[in-house]
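First the structure, in the form of structure tokens, and then the observations on it.
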Amino acid sequence: MEPRIAGEWEVSTWLNAPADTRLEDYRGKVVVALAFQMLCPGCAQLAIPQFRKLHESIRHPKLAVLGLHTVFEHHGAMGKEALEAFAHEYRLQFPIAIDRPQGDSVPVTMERYAMQGTPTVLLIDGEGRLRMQHFGHLPDLELGLPLGALLG
Amino acid sequence: MEPRIAGEWEVSTWLNAPADTRLEDYRGKVVVALAFQMLCPGCAQLAIPQFRKLHESIRHPKLAVLGLHTVFEHHGAMGKEALEAFAHEYRLQFPIAIDRPQGDSVPVTMERYAMQGTPTVLLIDGEGRLRMQHFGHLPDLELGLPLGALLG
Amino acid sequence: MEPRIAGEWEVSTWLNAPADTRLEDYRGKVVVALAFQMLCPGCAQLAIPQFRKLHESIRHPKLAVLGLHTVFEHHGAMGKEALEAFAHEYRLQFPIAIDRPQGDSVPVTMERYAMQGTPTVLLIDGEGRLRMQHFGHLPDLELGLPLGALLG
Amino acid sequence: MEPRIAGEWEVSTWLNAPADTRLEDYRGKVVVALAFQMLCPGCAQLAIPQFRKLHESIRHPKLAVLGLHTVFEHHGAMGKEALEAFAHEYRLQFPIAIDRPQGDSVPVTMERYAMQGTPTVLLIDGEGRLRMQHFGHLPDLELGLPLGALLG
């Protein structure tokens, strides 16, 4: 079984990175990415602090920590300005893409990846292949083992 | 030293309660109240889950659990619709007052109570007297002891 | 319904208190006591840290924090010398009574109180009446509320 | 820099494994080992639950989880019978070696590895080389990353 290349993200813009950043730009890095919604309790209480810890304490030259804001409900309350306030308050400094909205429905990237909800954790290897896609918070040990395997 | 009567809250409306609800309506109850902002991490991660637990698991006829949304920053991201989405996602069913805004400044009740920030915990006894006002999350034991003393 | 007086403890000796200390000596105080075994995981991981916190951080003139070592299994591994090592390592400075053994069976006080196992939490009011006896670890909020009510 | 081969453990016996088991028997496996004392709070509260979780939930054919009981204080309270009671109560089913005592001093293996205290975490690769020796509890993420790298 061969893992497929992770599809390019379709986004409207980025926080903490240039607006034209592409997932492909991270080829050569191991990417650990969090698809989240700022008003999802499991994201704010568990996954977001974990990703902040990954970004701040794991100093590995091959590691890239990314966020993907996949708003599929309460669109009016989770726009770009609200996300910026959230990122400011939670002191998030890793790049966060905003998944391209499709009206009040599921945004484009979330749909293409067939994500079931938030949080969803993605692991992408240095060749850009999607090695893990997990719906729900992953405890540190269960995230650390496959991530460590990719970082080598 | 005599504790003073807790000043009436000046609010624009309530969630989970009629819009004309007054703090005074809870006279006779022991009130434990949380002044919070929905985008404050210490609120979403610590204080809000604690107050949800207080409301859901402490079945005491004299206890009233209340929230007070005291927005003093990022006003555009924490309006009524956003708070409703937040309360829905965090499954908050206790009454939550929205502190009356004063432009982009500190809202009225927060200013009158001279609160330092969020979260702030208030304890009000059955006679309406303010018995405790604490800035920052209160661990369960430190909240349980004075609350138990008031409930008797 | 009237709570009964908590029966005097039948002990072989005490740590951190004179050997002839009696429960009755604490009349006038609110007693929160932990019946435990040093090799019981729920004791070492949850209840013992909670009681150390009660003893160290709740400075209330009416509060007495006590331990009762109720060994009902693995008697060879939980004698006085072992308990002293345990209390030293866990930095326990509150008085700990050693329940009087009855061969390899349940010790005397544990039997008289009909305790189901360890940990067991006891709350005794200033008149010496047993106000709560709870088998299993009590979360901080559930312990703080009734303890606060007794401390007033 | 080349990591050295992990020195053979000098032990008096094993729990959950034949008495003549040798560290060398695990050549070909990735070994994660915990040097601990049963009465050390950081061991009982943090490291032991983590190793139990490693043993029970990480089903990897190349992984071996081991314990090493390195008693350097309170020798009278942490003999073999006491350790058996501890392992029974904490439901530890991975192999645990008992480091060979040297009177009331530091036991042989602990001395040879120059361990600073307990808990100490060891990581040994499939060729028997010591890849990590860490004094103190390692949070799950910090253990998972290097362990994942060895498991590949």
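Each chain gets a letter, A, B, C and D, in the order it is written, and its residues are counted from 1.
To be clear about the criterion, a contact is a pair of C-beta atoms (placed from the backbone, for glycine too) under 8 Å apart; a residue touches a chain by one contact, two chains touch by 3 or more.
Because the structure is a prediction, the values reported are computed rather than measured.
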item	value
Partner chains that chain A and chain D have in common	none
Chain C against chain B, contact positions shared by both copies (same if over half, else different)	same
Centroid spacing, where centroids are CA-atom means, of chain A and chain C in whole angstrom	49
Euclidean distance of C-alpha centroids - chain B vs chain C, Å	36
Chain centre separation in whole Å, for chain D relative to chain C (CA means)	33
Where chain B touches two or more other chains, by residue	none
Chain contact graph, described as a line, ring, star, complete graph or other shape	ring
Inter-chain touch pairs (all)	A-B, A-D, B-C, C-D
Chain B-facing residues of chain A, complex	38-41, 44-45, 49, 73-74, 76-78, 81-82, 84-86, 88-90
Chain C residues touching chain B - in the complex, by the definition given at the top	50, 53-54, 57-58, 139-149, 151-152
